[in-house]
Amino acid sequence: MGKDDKHISSQWRRKIHEVIYEADTPAGKIFDVTLLIVIIISLILVMLESVPELGRNYKDEFIIAEWVITVFFTIEYVLRIISINKPFKYIFSFFGIIDFISTIPLYLTFFFGGLNALLAVRSLRLLRIFRILKITRYIGEADKLSKAIRSSGPKIAVFLFAVMVVSIIFGTLMYLIEGPEHGFDSIPKSIYWCIVTLTTVGFGDIAPETPFGQFLAAVIMIMGYGIIAVPTGIVSAEYSKSSKEEEKEVNPQDYPDYRHVNTQVCQNCLSRKHQDGALFCHNCGTSLDD
Amino acid sequence: MGKDDKHISSQWRRKIHEVIYEADTPAGKIFDVTLLIVIIISLILVMLESVPELGRNYKDEFIIAEWVITVFFTIEYVLRIISINKPFKYIFSFFGIIDFISTIPLYLTFFFGGLNALLAVRSLRLLRIFRILKITRYIGEADKLSKAIRSSGPKIAVFLFAVMVVSIIFGTLMYLIEGPEHGFDSIPKSIYWCIVTLTTVGFGDIAPETPFGQFLAAVIMIMGYGIIAVPTGIVSAEYSKSSKEEEKEVNPQDYPDYRHVNTQVCQNCLSRKHQDGALFCHNCGTSLDD
Amino acid sequence: MGKDDKHISSQWRRKIHEVIYEADTPAGKIFDVTLLIVIIISLILVMLESVPELGRNYKDEFIIAEWVITVFFTIEYVLRIISINKPFKYIFSFFGIIDFISTIPLYLTFFFGGLNALLAVRSLRLLRIFRILKITRYIGEADKLSKAIRSSGPKIAVFLFAVMVVSIIFGTLMYLIEGPEHGFDSIPKSIYWCIVTLTTVGFGDIAPETPFGQFLAAVIMIMGYGIIAVPTGIVSAEYSKSSKEEEKEVNPQDYPDYRHVNTQVCQNCLSRKHQDGALFCHNCGTSLDD
Amino acid sequence: MGKDDKHISSQWRRKIHEVIYEADTPAGKIFDVTLLIVIIISLILVMLESVPELGRNYKDEFIIAEWVITVFFTIEYVLRIISINKPFKYIFSFFGIIDFISTIPLYLTFFFGGLNALLAVRSLRLLRIFRILKITRYIGEADKLSKAIRSSGPKIAVFLFAVMVVSIIFGTLMYLIEGPEHGFDSIPKSIYWCIVTLTTVGFGDIAPETPFGQFLAAVIMIMGYGIIAVPTGIVSAEYSKSSKEEEKEVNPQDYPDYRHVNTQVCQNCLSRKHQDGALFCHNCGTSLDD
């Protein structure tokens, strides 16, 4: 179907493409904000529906609202496909799959009934927000943060391994000391308790009752208290390093070769970040304005 | 009323203005400290009154004390209005509204009875302390801290968004895995549990009981343990940056153009921070000494 | 009594003074280590005695042990007084009072019986450890740490004030929302809960049960999560600043005017830190060797 | 036995030595990965066996699996001994003892029956992973981390001592205030509670119930909140210092005297880190290739 439209109303498709894929035009902005609101409403409805009293008393209202949202998402999904030259590239992209999963649950209830899992899958609509927020000014910060986290990767792996080793050894010890009669039913449960304690969460659903168990618990807690310093110290050091580097780096005035890029997406290859005023895609050469 | 007094006893009004609005004069200092003590006593009374045994046994004493405090606040409020040239500017300022709300509750009980909400509104008197503490030496630190926090704003927004996304996705998952039979009644409650766990608070009013739920909880805890490093790292880096900048900046001896400012407030336009020995308001030109 | 011995056996007194007050001589070291062990044993006995089963079954053994320790402390206390020129200066010094309080409890039981409070006072013997550890190499670190903490003082005061304000306002709100039927009996108890939550301790003895209360609790937790970053950031920045300053500062080779000081204490004025090989007290001129 | 083989089939022994002790050769890598997988499977089996339902229903399967693993470990242990020139050096090394303890439990059940402690000892197999991971790229990070932790040693000792002192004094106070009727049965249990609170774990198995106890608990929590800043600040400062030093230090191109070392272990003296292409052990001169 998308293939048919392609040659007939390319003018019309280009318009849709601009609205859906570009956030710099007024129409694109309105579309993005509308979509954001619909996603958030949809998420709130999913949550409220799970509250027993509300789910029972307003059953019909929830079904109607879900239908409206599903139809909206279906239209959007179809438009996304037909307004693009290589629809399969979109369909099997990360956000293409998320869009599909966000749209499908209600249709599936015809086959499987109103399963809880279907209800929950709709929570993944949340991930759609990420695409829209790509255009916000926060992205720079998120980049910096994720860079700091990524460069701390191996350190954090070492740290996680240490947490794991401590949990397994002390978990086994606590299982031997406290035993099933004090809630330490098995080694895995004992390890779960050890992680609960080491991370200073401390639910208290299981708690040591023998003096020696309590002594060992105190040791674990103080260790956890010390261990928490490690990831904090790492991220802190990495972050202050990366923000020092950044200070040195970017100053547009110093870079005459620097051009601002916009959010326009090529109709043909879906590549992003074209220069302002660019006429052709820098990736595949397809005309951008045409 | 304030308007009438204005031209009659301007000498008297000026005196009151000095006492109430200026903290540099001995009378002003005594007034501020007295006010601080009354506010703190008032807060302690509000708290004690809410303790069932005390509230019942000393009911009359609490009512009398409340009347004394209300009368004190009423007189102060009236004096604040009449000693100033533009009373409406004060009345609708932030602290003007706080002062009004702090004074009014007891009068409202004539109309609405002794509601709990009225009781609680009196806790807002706490905010009045801020005006008085504006004059302490801690303000410099608070400024620096709040500057560090403000400049970390976008980063913290990204971080909060991450916490939210993690909570919603894992909250939904835990709702599906544990279900209402283990206390995860609805998705919102499940998200609440997820925040309790992620922030390492861990009340234990709800706790996972299935092995897979406990495994997922362990994952959430370790994530929370790592995530706590992010705001700490951010604030730490920002703070050490801002304290480095500060070191470079202020040294009075190096700045012959620097003058000390005091807490005197203009009677006419309420502007602050006049130079020591200034004769006229730097903002509106009204005489300050006169 | 001390006064009498003074002139008779000054040789003997000097020997005792050396053993008790100086940690550099072999005899002094042995004395310190013995004292440390007795204090630790005494603390362990106090703890074990409070365990109901042990306290009941080994009552006599505990009383005998306590008598032995008390006699030891009494002898030590008397020797400390008689071996010094100005005994009153010692008696009313911080450690003099601690020594007295550590020695007296058992004697008081003749007058007041075996009160719980007397039992507990013996825990203060712990503080005696500080005098002995004064001589360890850790003191440099403790100094640096306490310096970092002290220079963070005003910042931490601002931070504590912020915690207090948040706790009072949110505590009052939670009291209004949840009320006595969910465990929020009074505003003080509600503030207690708020501090428990804000500091991420989360006992779970009180937990919100209404949806709005849980929402507010989530807000408090995330705030607490952010607030915890503030003291950490402060101490971290201060600490790295102070350790940079330190790097610049001390290098004995660069300071030909530098001399090593020992732990010898003047018999006359109790001043410390005399140079190695010093013959007279640098403070009062009393002979040190004589 | 190892001694006999030594002279007979030295060719064959050398081959085994290469496979078991060197991770740079293909055969050595395959051996390490196989061993890693067997250890992890063994650990998972130990955990699952402790789950009551699984342990009961699949008893035979667990015993068979344990036998297979024990035989595998036994063969490996014997090969390790016979393929080395100084077997006693290996047997009494840290990893030699760990290997022995990992192998022995099942054999001991013939003498002592299926004790729980034997079950648990098998958890120590986890430690065997460390030898294998020695060869991963994470080792550099772990070195840096452990260096940062080690150089923070004395600071952390001071900090731990502070935690201990606070816990003992406040623990005793809480025991006096709350007493056995609110769960503070003895001073040691009270100290345990104090550590639970100070580290912000907060199980809630014991919680103060008197107003003054709750006030003191709030003080402890805020102290704990502040104290947590200390190790974090320390590690953070140390870590950023050590990573600055590192930046200055190592750049292979700048060091023509630098040579890459491999994981080859000398058959004679067990020393490691020989240069690539080395023909003789740098420690004892034994031929490496031969």
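All chains are identified by letter, namely A, B, C and D, in their written order; residue positions are counted from 1 within each chain.
Assume a contact is a pair of C-beta atoms (placed from the backbone, for glycine too) under 8 Å apart; a residue touches a chain by one contact, two chains touch by 3 or more.
Because the structure is predicted, anything quoted here is derived from the model rather than measured.
*Asks:* Going by C-alpha centroids, which chain is farthest from chain C? Tell me that one.
*Replies:* A
*Asks:* For the copies chain A and chain D, give the interface type as same if over half of its residue numbers appear on both sides, and as different if under half do.
*Replies:* Chain A and chain D contact each other through largely non-matching residue numbers.
*Asks:* Across the interfaces A-B and B-D, which one involves more C-beta pairs in contact?
*Replies:* The greater number of contacts lies at A-B.
*Asks:* Matching B-C on over half of contact pairs, by residue number: which of C-D, B-D or A-C?
*Replies:* C-D
*Asks:* With centres defined as the mean C-alpha position, give me the chain B-chain D separation in Å.
*Replies:* 49
*Asks:* Taking each chain's centre as its mean C-alpha position, how far apart are chain A and chain B in Å?
*Replies:* Chain centroid spacing, chain A to chain B, equals 35 Å.
*Asks:* Which residues of chain B are in contact with two or more other chains?
*Replies:* 51, 188, 191, 200-204, 228, 232, 234, 236-237, 240
*Asks:* Can you check the complex and tell me which residues of chain B touch chain A?
*Replies:* Residue list for chain B touching chain A: 154-155, 157-159, 161, 165, 168-169, 172-173, 175-176, 180, 185-188, 191, 197, 200-204, 207, 211, 214-215, 217-218, 221-222, 224-226, 228-230, 232-234, 236-237, 240-241.
*Asks:* Going by the contact rule set out above, which residues of chain B touch chain D in the complex?
*Replies:* Interface residues on the chain B side: 51, 200-204, 232, 236.
*Asks:* Which residues of chain C touch chain D in their complex?
*Replies:* 43, 46-48, 50-52, 116-117, 120, 123-124, 126, 133, 137-138, 140-142, 144-145, 148-149, 156, 160, 163, 188-189, 191-192, 195-196, 199-205, 228, 231-232, 234-240, 243
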